[in-house]
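The structures come next, written out as structure tokens.
There are two complexes below, and they share chain A, which is joined by chain B in the first and by chain C in the second.
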Partner chain A sequence: MRSEYPISRGRPRAIESRRTITLILLGAFALSLLGIDWSEGVFRPRGVSAIGETLGAFIRPDLSPDLLRTAAAAAWQTAVYAVAGLTVALLIGIPLGVVASGTIARSRLGAVTQIGAARAVLAFFRAIHELVWALLLVAAIGLSPMAAVLALGIPYGGILGRIYSELLQDVPQAPLDALRRSGASEWRVFLFGRLPMALPDMVSYTFYRLECGIRSAAVLGWVGLGGLGFQVQIALEDLAYSRVWTFLWALVVMVVLVDLWSSQVRRRLAP
Partner chain B sequence: MNPAPTAAYVSGSGRPRLTFVSGSVLVMLALMLTAWTYIVFGQSWPSHGFFSGETASRAWSFLGDLAGAGREGTPAYLDGAEWAEAGRLALVTLAMSVLAAGIAAMGALLTFMFAARNVMAGELAPYRSPVWTAWFGVVRLGYALSRSVPELIWAMLLVFIFSPGILPGALALAIHNFGILGKLTAEVVEGLDTRPARALRTSGAGWFQVIAYAILPAALPRFITYLFYRWEVIIRTTIVVGLVAAGGLGMEFRISLSHFHYTTVTLLLIWYLLLVLGVDLASAAMRRLAR
Partner chain C sequence: MLRANSALSSSNAPAVLLDGVSKRYDEATVLAPLSLAVEPGERVALIGPSGAGKTTLLRLIAGAVAPSTGCVELRGRNVASLRPGRELARLVGMIAQQFDLVPNLSVLHNVLAGRLGEWSFGRSLLSLVWPRDQRLAFEALERVGVTHLAHQRAARLSGGEQQRVAIARVLVQRPTVVLADEPVASLDRARAREVVRLLTDVTEEQGETLVASIHSIDLAREFFDRIVGLRNGLVQFDVPAFSIRDRMLEDLYEIEGLRSEV
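== the complex of A and B ==
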């Protein structure tokens, strides 16, 4: 029996590349193990007993009413940072995302310049972690709530902008062409075609980011800006693990609640 | 070609209808307003006057400090020896990120099958028993717990247990990403086409064989993609974990900042950005290879 197609020799390409990936992953992991300083022992002198204390407090956090009130106040402050930071992120992400999608440019050259410039700015914003932004902003403008809000808003704006630009680019083209043929200007095509089609996904992603924002806002407390992270740090300085876990449980509950809310929203927005 | 209109912006009656989604958007807007009111007028803050010339001039002089204005001697970011030293720290940071991604991947690989509803309690489950359903719940709860606590806080806890270095930082990153990676991969399994698995089952394959030959091969490519995406996030976070866990660029960053060695801060930021860029490119290349 003769085949019209040449019989490929050797293993299929997909299997070859899987092998390469496996080798690279294992090799990189083995190399990185060399980076650990094994000479001083893995555990601290009293580290093993600290495991027991941490686990014990995890099951039995300190639930005295006073502490719960402190935890509620800290949770509220964390939520305030998260939500206000998300506002800043929207103020950065929407305009830059629209420009970075290159969809409102008049010419091809204009589109290329706009995409390149806006993408570079967005990439820079999100390359630096929010806590590094917080350290830099506190050094620059002092210990003010605005430092926390901006520290959260800048990298989140970078992420939102990139995702928004991709969503705006990926809408189906046929309805846009229909609008163009009926004489709509590029602005109107954007406003009445592109935006309404991309909006559900944009809203969905923003709600997902709110969940991440709560976690990030809790961490910002570490630089001294208040909230759950700050309380955890204070409790850890006293080695009071039961208090640490009170605040951590508050964080877990808050994140799970926001997660439930945002996943309900996203489920309803899914196509 | 039209996407299905969603209730969010198309209403039947001609005037906007309050749905769960539009209600949620309204709640979000109200929350934003409340948060800003609290920040601007809140009694618990000392008054700062953020929108003032003073803030602008302080920020401007900080930028000058970073560039090394008004400081004698070569700034650190033009000094070859300082570059080499920071480069060594960057390498350690890179090792920390790979270690973290590797440990998280191993943890997720060992558990994700138990976190998929269809494998444990749905159509692919060999026995419909409460034990399996409970085990599913336990693994899912573990994922939720590990990813709800941010990396930095895991690191703060782990530095009391492990000797300082890259290990506590890598473990902290690994714990957090284990929860994320596990959940994402379990959701991939839940979304898989189950026909190959059921075909194997009807031809007599056992639970383990179904997992090994029908589910794993279908889920692993997505797992690899997620792993590389998480690696991009991990490298951005290594510096943060290093702040408390005494490893890599993070520790040096914190020391330089508190000693006002601002040009060193600039150098470390340059290395950090190079690392982030390099990992983004490497991850994109690997994801292409995996496709």
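== the complex of A and C ==
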């Protein structure tokens, strides 16, 4: 096995540098402890009792019918933002992801150009956080649902496109070669080989992004776009922790529901 | 019915012609200059030790790699001058050792992939949802005996069933020359024999030429017309299957410096 030789030679050096890095990080942590003024206490004066209140509310959220109705309406709004945002993300991510994978190019030069251009656009979309997109879009088009959906859809499209492009590249090559030998062009190889082989992972990742989208849509409430985040913000201003937790539990329930849905779909897609 | 696309090419040219063909990768010579002609309808088995150049030879015939010197002709047409895709696919098809099917697609779709060279893009796209040319695919599946698996995903099939599906795919592709690279290497003896029998039978029925590398001498003797022994990139012998002698095989597989004294 000629290929094992360089690996066995490289290993000691890798371990050595890993040890060095570990020592440096431990040293940095120790130094940081010196920077804390222990005499004043780590928590602010009312902090400890606030933690107690928060934890108590975590177990006993406010479950009055009125509040549950508010929570359900807010959760619905957040879910709608998340789903609409993800739809925009798919519209951006699928075409750009396919182009960024370079798998439908006719020539090597074409592939390099397509990969470079599409990856640059995707990087631009996802380099800016959804909250920043929200602030920019609210400034541009005002406090409208459109702003929330685009704020979510643009960076998520950038993320989906990048992951899709990599999943489409990393499929087993042997079946693709077999399709080429039976006369299929790259587009047909894509349809009958790459896409079916990458699809289960693409769907699985999209569902994970839907979970993240619900979380992000809730946070968008903070910039005044409504939904669960907005309700949490109001409750926090009133220091009503039991109400805060009602809304947070609603968020947890939604994420669990998406998770259950996704495992259902994945089971059907498994080869 | 299913017939090879013989109308495409001049009728009395050999099915496969290699003329002074060699292949070098960097400094290593994989195939020394060799010449070989295979007549239409002939069934040729390539045998020889690992590294003899069997796979390289098949890939050269398939047009998957270009020769370093010499030229490869299929039915009188230079492979280098054929456009990859439909033109080449009508002349030559290939069955590999394994891992050749798309695991997430149904058997039916995998078989129909043999039609991708003929289909327009729209037809291919449509076929992902509503498969076209189903009758052709079912005829091929029936011929290889796995009609009942048509709607299974390829990943759920056993090794022997997968090779049958790979044969069905080549059947709908209808090339004039079928190549097979160790098509039964991953199967047990009984199944290997069944698959080789099937492969030789169906290619003969369709009037196709078959060139297969195979590690089992017994199967080569039983099912092929002609056996070509390759060693170190050279043709060591090229004889009718019935006339092969043990002495020739010993020489072919002899390990250098370990020649046993008989």
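Keep this in mind: the second predicted complex is superposed on the first by the 230 of 271 C-alpha atoms of A that agree within 3 Å, B and C clash if a C-alpha of one lies under 4 Å from a C-alpha of the other, contacts with A are read in each partner's own complex, and residues count from 1 in each chain.
Definition applied: a contact is a pair of C-beta atoms (placed from the backbone, for glycine too) under 8 Å apart; a residue touches a chain by one contact, two chains touch by 3 or more.
The model shown is predicted, which means the values in this text are computed figures rather than measured ones.
In the superposition on chain A, contact is made by A:175 with both chain B and chain C.
With both complexes superposed, B is the one of chain B and chain C in contact with more chain A residues.
Residue contacts after overlaying the shared chain place A:197 against chain B and chain C alike.
By the touch criterion defined above, A:268 lies against chain B but remains apart from chain C after alignment on the C-alpha atoms of chain A. In the superposed model, A:31 makes contact with chain B only, not with chain C. Once chain A of one complex is fitted onto chain A of the other, the partner contacts of A:128 are limited to chain B, with no touch recorded for chain C.
When the two structures are aligned on the shared chain, A:95 is found in touch with neither chain B nor chain C.
Look at A:224: by the touch rule set out above, it reaches neither chain B nor chain C. Looking at the shared chain after the overlay, A:139 reaches chain B, while chain C stays out of its contact range. In the superposition on chain A, contact of A:79 is made with chain B only, not with chain C. On chain A, the patch touched by chain B and the patch touched by chain C overlap at residues 172, 174-175, 196-197, 199-200, 269, 271. By the touch rule above, chain A contacts chain B in their complex via residues 17-18, 20-21, 24-25, 28-29, 31-37, 40-44, 47-48, 50-51, 54, 77, 79-81, 83-84, 86-87, 124, 127-129, 131-132, 135-136, 139-142, 144-146, 149, 172, 174-175, 196-197, 199-200, 203, 207, 210, 215-216, 218-219, 222, 229, 232-233, 236, 239, 244, 248, 251-252, 255-256, 259, 261, 264-265, 268-269, 271.
Across the complex, chain C is touched by residues 172, 174-175, 177-185, 187-188, 191-193, 196-197, 199-200, 269, 271 of chain A. Residue ranges on chain B touching chain A, taken from their complex, read 1-4, 6-9, 19-21, 24-25, 28, 31-32, 34-36, 38-39, 42, 44-45, 48, 50, 55, 58-59, 62-63, 91-92, 94-96, 98-99, 102, 105, 144-145, 148-150, 152-153, 156-157, 160-163, 165-167, 224, 236-237, 239-240, 243-244, 253-254, 257, 269, 272-273, 276-277, 286, 289-290.
On the side of chain C, the complex with chain A involves touching residues 62, 64, 84-86, 88-90, 92-94, 96, 99-105, 109, 113-119, 121, 124-125, 128, 153, 155-156, 166, 169-170, 173.
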